[in-house]
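Each chain carries a letter (A, B, C, D and E) given by its place in the written order, and its residues are counted from 1.
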Amino acid sequence: MADMTDSPLTRDGKSIVLAHDHGLEHGPTAFSAVPDRLNPEKVFEMATHDAVTAFAVQKGLAKQYYPSYEDSVNLLAKCNGSSSLRSGEPFSPQTWSVDHADDLGADAIGYTVYPGTNTEHEMFKDFYKVQEAAEDHDLPVAMWSYPRGQPIKEHRNPDAIAYATRIGLELGADFVKVKYPRSGAAMGHAVDAAGPCNVLLSGGSKSDDLTFLSMVETAIDAGASGLAVGRNVWQHEDPMSLLDALEKVVFEEQTAADALGREAIEHGSTA
Amino acid sequence: MADMTDSPLTRDGKSIVLAHDHGLEHGPTAFSAVPDRLNPEKVFEMATHDAVTAFAVQKGLAKQYYPSYEDSVNLLAKCNGSSSLRSGEPFSPQTWSVDHADDLGADAIGYTVYPGTNTEHEMFKDFYKVQEAAEDHDLPVAMWSYPRGQPIKEHRNPDAIAYATRIGLELGADFVKVKYPRSGAAMGHAVDAAGPCNVLLSGGSKSDDLTFLSMVETAIDAGASGLAVGRNVWQHEDPMSLLDALEKVVFEEQTAADALGREAIEHGSTA
Amino acid sequence: MADMTDSPLTRDGKSIVLAHDHGLEHGPTAFSAVPDRLNPEKVFEMATHDAVTAFAVQKGLAKQYYPSYEDSVNLLAKCNGSSSLRSGEPFSPQTWSVDHADDLGADAIGYTVYPGTNTEHEMFKDFYKVQEAAEDHDLPVAMWSYPRGQPIKEHRNPDAIAYATRIGLELGADFVKVKYPRSGAAMGHAVDAAGPCNVLLSGGSKSDDLTFLSMVETAIDAGASGLAVGRNVWQHEDPMSLLDALEKVVFEEQTAADALGREAIEHGSTA
Amino acid sequence: MADMTDSPLTRDGKSIVLAHDHGLEHGPTAFSAVPDRLNPEKVFEMATHDAVTAFAVQKGLAKQYYPSYEDSVNLLAKCNGSSSLRSGEPFSPQTWSVDHADDLGADAIGYTVYPGTNTEHEMFKDFYKVQEAAEDHDLPVAMWSYPRGQPIKEHRNPDAIAYATRIGLELGADFVKVKYPRSGAAMGHAVDAAGPCNVLLSGGSKSDDLTFLSMVETAIDAGASGLAVGRNVWQHEDPMSLLDALEKVVFEEQTAADALGREAIEHGSTA
Amino acid sequence: MADMTDSPLTRDGKSIVLAHDHGLEHGPTAFSAVPDRLNPEKVFEMATHDAVTAFAVQKGLAKQYYPSYEDSVNLLAKCNGSSSLRSGEPFSPQTWSVDHADDLGADAIGYTVYPGTNTEHEMFKDFYKVQEAAEDHDLPVAMWSYPRGQPIKEHRNPDAIAYATRIGLELGADFVKVKYPRSGAAMGHAVDAAGPCNVLLSGGSKSDDLTFLSMVETAIDAGASGLAVGRNVWQHEDPMSLLDALEKVVFEEQTAADALGREAIEHGSTA
């Protein structure tokens, strides 16, 4: 069993990946409430927070900024992506070779697959080549595993999420990032399905701090190795304080309420 | 004629392949009745049973667990696969290169084709490259040969199964795994059609022990070299005892009833 | 002009290719009247007959049996093929690389194209790479040239067959195998259209001996270099006697009737 | 952050790219009002004007004329393109390898993508290979980033243009060329979205001098690094005088009116 | 500017390419009025006429006959082609690699593109690889540039033909072969649009000598570098005399009437 404890993506077996590929996936409208964060430097600065074990960006951001941050930030090279301008079933083409990511100092590789779509087979095929190239460079691989397509009625349903984490394990990913399956029990099942493959909770769209941190706390309690968080951090009015709180929940086993210095909420309300 | 007698997949010319790619092909719901087997280690342990000549898994399971089992288990690297989340005609993309499978210590290569589908030609083309790469690495190849597609009215009909085994022979497979064509005579015909290519019965979904073992006995009597069994073993309440019985039927030429210490059933009832 | 007189496929400029790729193209039902021939060894034995200048099989049959026959049989490696389980327009994907065929001792390469189909361009492209690889290995190439597709009303019409042989010449084949265009005059025209590319009559489905041999005699008289025969030989009750007769017609310029020791039939009746 | 200040495409951080790929993209009808410019030599002469930092052409024009101009013109090799004869969604296939462009003395690489189309993924994939090949040759890359496709209601709307520049940044372009988003504020937002990736205004179809130069002035004021201009120059009755004026606006920070020695117009009227 | 004056395809800057790929493109029915010409040797003999600067054939004809003619004929290797058996939009797949054409002694490469079709982008992509391979072998490239597809109402209209020649120039062809755009003025415009890329008139289907030669005379007067002629020569009852006349019109600047020893016809009647 590969030991990811010493991986650049983990600390004591836990991970907080700050993800910032939204400029490609969602476009600049994602920044309308926090216009200063349109400047990637602001988000690179957030990635220097102690809590962050790796920073996930596309090639262009890495190329432009990572040389200034390579001592303070671990780079998770997100090697495929697509824009939201396109309609139809999701498909994420490769945008970065593992060779070039490695040249730039990447510590790990990230790749999205959409199981259940009509082009699942193309993404599985693309993934295996990227995963093997990463293996040849001794780089761990994180799969963004998002079931989609007509047959999937509801992409957060527990069975779909457990299938998603299992696909990560079966296809050789070291980390697998999935949406929250709506309960700690479902998350626990998804973690079991992944075996030794580390499960990362996908932060999703911006919600209030306690709701978000309670979801993280529940996921960690259920066995998740951590999370990949994007908008909940960089769309936050005070990103560093939220990262402080995340650090407490993920690495120090505090409750969400304690980490925020507030009263707890019911798990049932984390949708 | 290639002599597979000394192949790591056979013992005295017979094989019991334990297959465990269901996490990818069927998803975690396949484990709902036996939740502890969601842990691949439990199934790897079953593969150490003397009866098992090879264990068929996807890249990820092999990568995570095989290093601990390489002395006790022969690895059949299943190099393509797909999820059941996708609808439409089946197609199984490559998920593992022969090079990387060999690096991990694979003893043989497994690959699925679906003759009769609209993408039969793509799978034949993918198969020939994998088969030749395996040949270059001196690794035998097992084809999962499953006729599908609109023109095939019933995928277990004897003519379809005999065609399936012949395709294995014609395209250069050393082993060909097919569904049970509903009678020993039909199985015998399929074995004849395969020439020296070893025919493996596909265990299929879980059935009661005597029904299952009687089907195996019939297939062996008809000339099959053995079977690839998955759910009938790892979904079993006592997998090791079923493997004991399988060993008796396949390697010691006992009847199913004798192997189980029970009364025989009629062959006609093995559907 | 390439001189194929000394080619392993010809003797005194004439060829009798025994073709046996029916296990893939037609499936085991092709053997229902002659079940013992389901065993490829029986057909390999026929290929040792003096009349046979080359034996055309897929990779798997060659791999399993050719090592025992390499001193007595010339191997024509059929490097693409498809099953009849698939419906829709015919397309024949590559199933064997020229490199691997050469490693196994192939004396020539065979490849099917279906001019007129929607994927004609893919087969032309695949063919050119195979043809050039064969040239690099000093192996002659035989094209199975079978016009198909919606615009072709009748695939045995004389213009279609003459076009088929010309495509063989134009694309660089050394031999071109076509269906019988229903008359000696039409065959003569097809031979003229092929220039120095050797035209082989495709034997087609089983017919009575005199009808079949008269068709061969007519084709030879019209300038064909010989034939590729499959079912008329290996589905025959006495294959060796038919090969004796074929030898007389093709190599010794006897009439079909003389070769069979019978009375001639009218050419007009060879449909 | 890559410093493009010393790039052959910039002078003091500013660029005027003269683009002349209209012979391929629009065809000779683009020259009907200025028939002498159908001769590429006339346009190459314009490219020798001091104002021009690089000249963007397809392979053929570069091959035929660039050897005579390599001392006086910087070459931006436009490595993909398509004709306007084709209907349907735009797609721009590769027409020139980076290797061959480099052999001919290219100083930079240009490549078009159409985000939002059904083949966005193919262009992203093609782009990443071209961008990495350019990086391997130490050549900067300019992306022509033009959102298109059914979901995009209006391809000059400010959000689409800001998304377009961000895609340039995210995918690793050094320069990104976009249409004018109808106001300086929108251009400023697009420039912000691009981070350190230089934004070039796309000159678009021919308009009157003051309107055109006012748009350029507004874009430069908004932070654009310059422009890529084609028809406004080479369809002009006096191209050299317009280049004089462009030089003043882009490099000498003059107003459009001053540069032309005329009265200013309202920005609101630059459509 | 590449100087094609010394190219094997030109003499004093002029070319008469004898084209003979009709066996593939049109099939043997093209020979029905001149059955002896079905023998490629007869047409190879025509190619030895002094007037002919190059002979354009597919791989197979070159392979079979060129070794006997390499001292007397310049070979233009036509490296793609398709049959007229297929319906639907035209697409011409590669049939010959530049490497193999060069091995056989090719003096130049010919390649067809159909701008305006739905697969224009595939042909542009294929063309660029062939063009660059030819450049690497120091072989000039002739593009057959034939606008087609739904949006093109009439494929001989002057704008389409001028676009066709410009595409030749833009994509790096040394020669571009187009249909006659119905007038000398239109031809002159097409020649201007091609810049230094040599324009070759496509002879088209068989017409009477004076009509044909007058069209050639007009094209030459309009600046065409020559023509590629097929059926007007090899379907002619006296091909050598027509080549005599062509030589006078193309290389000796005689009128069509003078070359034939007849009275001139009005240009307006050359349709």
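Observations
Please note the rule applied: contacts are C-beta pairs under 8 Å (C-beta built on N, C-alpha and C of every residue); 3 or more make two chains touch, one makes a residue touch a chain.
Source: prediction; values computed, not measured.
Using the contact threshold fixed earlier, the set of chains in contact with both chain A and chain C is B.
Touching chain C and chain E at once is no chain at all.
Counting hops only between chains that touch, chain B reaches chain E in a minimum of 2. In the CA-based superposition of chain A onto chain E, the rotation angle is 145 degrees, rounded to steps of 5. Mean C-alpha position of chain B lies 36 Å from that of chain C. Averaged Cα coordinates give chain C a centre that lies 58 Å from the centre of chain D.
Listed for chain C are no residues, as none touches two or more other chains. Remark: ring traversal beginning at chain C, heading first to chain E, gives the chain order C, E, D, A, B.
Across the complex, chain E is touched by residues 1-2, 115-118, 120-122, 124-125, 127-129, 131-132, 135, 147, 149-152, 159-160, 162-163, 166-173, 189, 192-193, 195-197 of chain C. For chain A in complex with chain D, the residues that touch the partner chain are 21, 23-24, 27-29, 31, 35, 38-41, 58-61, 63-65, 67-68, 81-83, 85-88, 91-97, 100.
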